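Chain naming follows the written order as A, B, C and D, and within any one chain the residues start at number 1.
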Amino acid sequence: MGMVGGGPGSFIGKFHVKAAQLDGQIELVCGAFDIDPANSKIQGQEYYLDPSRAYDTFQEMIAREKELPEDERIDFLSITTPNFVHYEPARLALENGFHVVSDKPLTNDTDDARKLVKLVEETGLIFAVTHAYTGYPMTRQARAMVSAGELGIIRLVQVEYVQGGKADESKPDPTTGSRSWRYDPAISGPSLVMGDIGTHAHNLLRFISGLEVTEVCAERGAIVPGRKVDDYAGALLRLGNGARGNFWVTQAAAGFENSLKIRVSGTKGSLEWWQELPQILTFKPLGVPVQTRTSNGPGILPLSARSSRMVAGHPEGFAEGFANIYKDAAEAVAFRIAGKEADPLALHFPTSADGLAGILFVDAVIRSSDNGSSWEKVF
Amino acid sequence: MGMVGGGPGSFIGKFHVKAAQLDGQIELVCGAFDIDPANSKIQGQEYYLDPSRAYDTFQEMIAREKELPEDERIDFLSITTPNFVHYEPARLALENGFHVVSDKPLTNDTDDARKLVKLVEETGLIFAVTHAYTGYPMTRQARAMVSAGELGIIRLVQVEYVQGGKADESKPDPTTGSRSWRYDPAISGPSLVMGDIGTHAHNLLRFISGLEVTEVCAERGAIVPGRKVDDYAGALLRLGNGARGNFWVTQAAAGFENSLKIRVSGTKGSLEWWQELPQILTFKPLGVPVQTRTSNGPGILPLSARSSRMVAGHPEGFAEGFANIYKDAAEAVAFRIAGKEADPLALHFPTSADGLAGILFVDAVIRSSDNGSSWEKVF
Amino acid sequence: MGMVGGGPGSFIGKFHVKAAQLDGQIELVCGAFDIDPANSKIQGQEYYLDPSRAYDTFQEMIAREKELPEDERIDFLSITTPNFVHYEPARLALENGFHVVSDKPLTNDTDDARKLVKLVEETGLIFAVTHAYTGYPMTRQARAMVSAGELGIIRLVQVEYVQGGKADESKPDPTTGSRSWRYDPAISGPSLVMGDIGTHAHNLLRFISGLEVTEVCAERGAIVPGRKVDDYAGALLRLGNGARGNFWVTQAAAGFENSLKIRVSGTKGSLEWWQELPQILTFKPLGVPVQTRTSNGPGILPLSARSSRMVAGHPEGFAEGFANIYKDAAEAVAFRIAGKEADPLALHFPTSADGLAGILFVDAVIRSSDNGSSWEKVF
Amino acid sequence: MGMVGGGPGSFIGKFHVKAAQLDGQIELVCGAFDIDPANSKIQGQEYYLDPSRAYDTFQEMIAREKELPEDERIDFLSITTPNFVHYEPARLALENGFHVVSDKPLTNDTDDARKLVKLVEETGLIFAVTHAYTGYPMTRQARAMVSAGELGIIRLVQVEYVQGGKADESKPDPTTGSRSWRYDPAISGPSLVMGDIGTHAHNLLRFISGLEVTEVCAERGAIVPGRKVDDYAGALLRLGNGARGNFWVTQAAAGFENSLKIRVSGTKGSLEWWQELPQILTFKPLGVPVQTRTSNGPGILPLSARSSRMVAGHPEGFAEGFANIYKDAAEAVAFRIAGKEADPLALHFPTSADGLAGILFVDAVIRSSDNGSSWEKVF
């Protein structure tokens, strides 16, 4: 693969590289790592790349890789740039026949997102979005159980994502500091809390329930006085099949780490999952005792089993879930290149269509909130 | 005390009697236990009462008890009738100088509720409403910690109350069965889920946070197809000090028992409490390790300590929390009768004003939902 | 009932009275509450007893009650005196035809214990020992599941009881203080930690597994330097059917409250229970997902159901478990007096034979430890 | 690095390779992967090795690598062969100047283990043993807290390791099947349960407490009827500073996965850790509220912080803990080669001396058990 972004000082870029390499099937061979070509070279050296493949720009990378023989050029592009630089490299990659793995959100702008989805449809290329929480063995078990009908018809969903990173009011507000550009809506997106974590919560809800959020009634804002970016959002949800739901996200809850929780209730039972103890899935079936499911333990379905690298009782973490997105996307790419059908179980990674759904959801939340919490259609 | 309601077949009446008697300070001496005088007599015998004090009607009870010498008559009335028969006995008791402990909700109707609050103010009598979850040592610890400033300024609150009792769609809908009168809005109140459990969730939020819910944006309804009463409600909340909140209640979540959960976040930390493990309170202070608090353990404040009957490590349950409401109300009554000031720590039981706040909240949720989830003022 | 012990200043006596009265079926009518007759009178007044039935000594109580008409005299005696005063009132009660409920341990001395068991056999009277942890709905569920064969043949057991009450080394050692007589082996028994909590752990293991501990290899001692009484004991166990087990008790683990934990593994699954979250029983069946059982929830067996006073989801605590011992013993007494067979489900309270087994176990632990951890037979 | 063992069909070998490569600092360049040279070649191809460095035997590998220029030859050898083939490659590597990372146990035989420790002392080479549970951020936090005095003087320890893999009695006993050679004491070691998991439990206890187990009183055996290898062992422990402890391991507890639990109590507080929820460390300080510690959260000490790759709230798993052993050992090797002092925080991986302590412990447990549970000195 080749990478756009992830230059010196980037945490997320290195994290993507590690995730991609975890299973030894993906090799980083080129990159345009930084807006400054010199930094891109430095980063290339750090990854022991052929210096000629540490490119100055992503445009150059795509053009030059395309000129290489098929068995030498990259198979797909990994995009780890800031949010507002997701669209251009993705578009260019697709237009030049490269598959894509992109950090979320898909884009900052719904029009751009729609264009990418259209391009993916037209080209038939693979496009994965790294909503990492869908890679955990237990969220995949939840999806598989719903899909297998173990919960019956879904009636009610709740999702919350509670962090504390922006809770400390004694610290200077980040939107006024030296890195304030990061909090510029043009760069980070129109609602910080929704872009950062709201899209994860929404995506996970869709991933597990298999349902689309069709309408929202929402409020978003800054609960910390004087803050210029959103630090909380709440919403009432209506889902595709008539189910109802509740949504709550914030980055201003003092003392919290990364508390993404989801609950899905159907006619035959309910599921609960919590990101801070991701190795456990709680299943509350109607009328029989509550059960817990753990990786590769009893009752684990194939989608979950293929997403775990360990024997039962040996917990896996966030990094392995993240790596599952890369592993599956790479497998899909490899089969596509080989002209074969991929294992359907490899095709549960989030796609550009999922990315678009997330951006439309953020858009609807903002519209609703700005209209005094009106009910707004997502599509 | 004397009781209205709680005749043969009533679970809640007997539960009130046990709670009242748990600490050996309250004696049941008379009652008008049933709409059928014969049943009232039978119930009186079961409680070993003087037959002359098993009255035919609550009107008779109040009239006859008032004629007794002060040291023989009851000190307060306990009301455990169906919701639509809370108002009349309460009014009559107050007008005749008797203190009152009433099951929740205060009334089915906001006007009636306002009249009771006015009567309580005018007479200066004690009026307790049995929102039992406020009696747990750990919810009281939470209230005391917020009140002592250990959380700083409250910014965000979440409360959910998730039950599964009405989840089984294979069972005939109760609103169509032989006891369908129980689900008549005129008897049970205008929104079943809000009256049954929504008022508990709202009351607990106010009890712990010390804040008033001032505005709501809500949706309520029946998620089970064909059901005629509400089985879920969700709301976005605005609180008195500008804090924001989230609210979710349902009785249709398959597999759930009695999952009332609350989270309160302030500038200095967050608290979490869950009714199914009520002996634990989790405190997440800003920047230092997460802590747990348990009854009579380290860090327990006086309001919590006085609400526990056990040494540390010996869990208490729902019944003891419920009994704390009676114990405190009776202590307040006894001090009032003795003409003395009660211990301020005895005065944390829910009052008629709390009951009214609950009814106004239900009313606002219904108005909002019926107006397409408009923002509605609670007061 | 009549009580021996429980005078002014006694916590445990009042706790017994509350437990006995919780269900409204048992009335305290007389007592010999204190070694000082004046204190016995004071305590009698506090319980609103007829002054003539606040006796000077238990000998007087038993003699005088026996002279009363059958329908006026007490049915059973409750013994809540210090451990070294359990034997005499128990013996006298049995010899005079009174049933007995006694605090644990049965006696301090194995010969005395054997005599009581023999007396119980000869008289056919009811004798209950208040090992309270056997009264919880979930320990009874565990016993019922083992008894119903849901675990198969028991292979392995582990029990631990870890407290922190004697951990603080900065406090003066209690054996050297003004109440040092309490720590005199002649009064408190030959091993403090074994008498206080070891007997509970041993009894719970027998109660749930249905097996007898037949041999022990143990070490006991004081881990806090300079302490004169035992504060820890560990043992390897051999059980009646060839199963093996592990035992660990201490009162010197800093920061612990009342952590009694038990695990029982059979050929078909394992059970785990923890006293600090007593409302949950974890069942790990062989080859299928882990389950949790809660009071009156799915999968609850009759012995557990009859031991709970609440609907599912409303936790009960230690006091209600304790009260179950009294309730069952009183039911057994009532049926005996009525000349009828009691419900077999009422007969799961610990008896004098269980009390004797506990004392023989303590004795064997001490012998083993004093012999350099030899294997010692319990019987 | 070069590897001995880990040929086709080996799970543990591939797991070692992944762990070694997780951080991108260690490269596998050669191996003698299988007793069958053809399989070694195949495995080498799978790892994309230079065919000339997929050796026929470890003897050949060590000889040939030694002939290579210093900057081309391997720095250390990784040993992942069956237990009875740990000693010879380790000895040969040390004698030829190569550092070693070896799977546990160090050897099957105490004499061999002593020889290796002596060789390590004489050569000054790095020797790491992969007791993986010491690599978790939270076990390292526990060690660091004890070492920093946060628990005071250690008084009591408990460790248990409960698995269910050998619980199913309906399956043919592995010692009688086609792979029965695996259960031959000459190959797997003298006590299967002690070698497999007992050494882990013992090592973790030493790692966290910083204390040596000096004497044991133990019983080991097969609880499943007819089984020829040990499936449980229990022991009473005496530690170097006079502390006391309890030890329990089994692989025959139906329904269990990988339940390694440890509790350490000192004069100032107690710690608890459980392998199935490894992201949490519970600290119960004397007299103040119970706390939980999580990776990179508040109160985390440097040894733990350097052992985590993630920001707070993103759980890590077993693989990352395992990788920490390799990472630290490789760092120590690199510094040694560079002639510099390593960061002391890199030197907390288990060494050959730790491995020897484990083997002596197993030996003492066996001696004690075979002598009727006599107290036996470990050293």
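Here, a contact is a pair of C-beta atoms (placed from the backbone, for glycine too) under 8 Å apart; a residue touches a chain by one contact, two chains touch by 3 or more.
Since we're looking at a predicted model, the values are computed, not measured.
Chemist: In terms of touching chains, how many steps apart are chain A and chain C, taking the shortest path?
Modeler: Each step joins two touching chains, and the minimum needed here is 1.
Chemist: Of the chain pairs B-C and C-D, which one is connected by the greater count of C-beta contacts?
Modeler: C-D is joined by more C-beta pairs in contact.
Chemist: Can you work out the whole-Å distance between the CA centroids of chain B and chain C?
Modeler: Taking the mean C-alpha position of each chain, the two centres sit 36 Å apart.
Chemist: Taking the mean of the C-alpha atoms as each chain's centre, how many Å separate chain C from chain D?
Modeler: Here the centre of chain D sits 43 Å away from the centre of chain C.
Chemist: Name the residues of chain A that each touch 2 or more other chains.
Modeler: Only 256, 283, 287, 290, 294, 297 qualify.
Chemist: Would you mind writing out the residues of chain D in touch with chain A in their complex?
Modeler: Listed in rising order, the residues are 18, 21-22, 24, 163, 256-259, 275-279, 294, 297, 309-310, 312-320.
Chemist: Okay, in this complex, where on chain A does chain C touch?
Modeler: Listed in rising order, the residues of chain A that touch chain C are 283, 287-294, 297-299.
Chemist: Can you list the chain A residues touching chain B in their complex?
Modeler: 151-152, 155-156, 158, 160, 162, 164, 167-169, 217-219, 221, 223-224, 232, 234-236, 243-246, 248, 250, 252-256, 263, 265-270, 283-287, 290, 372-375
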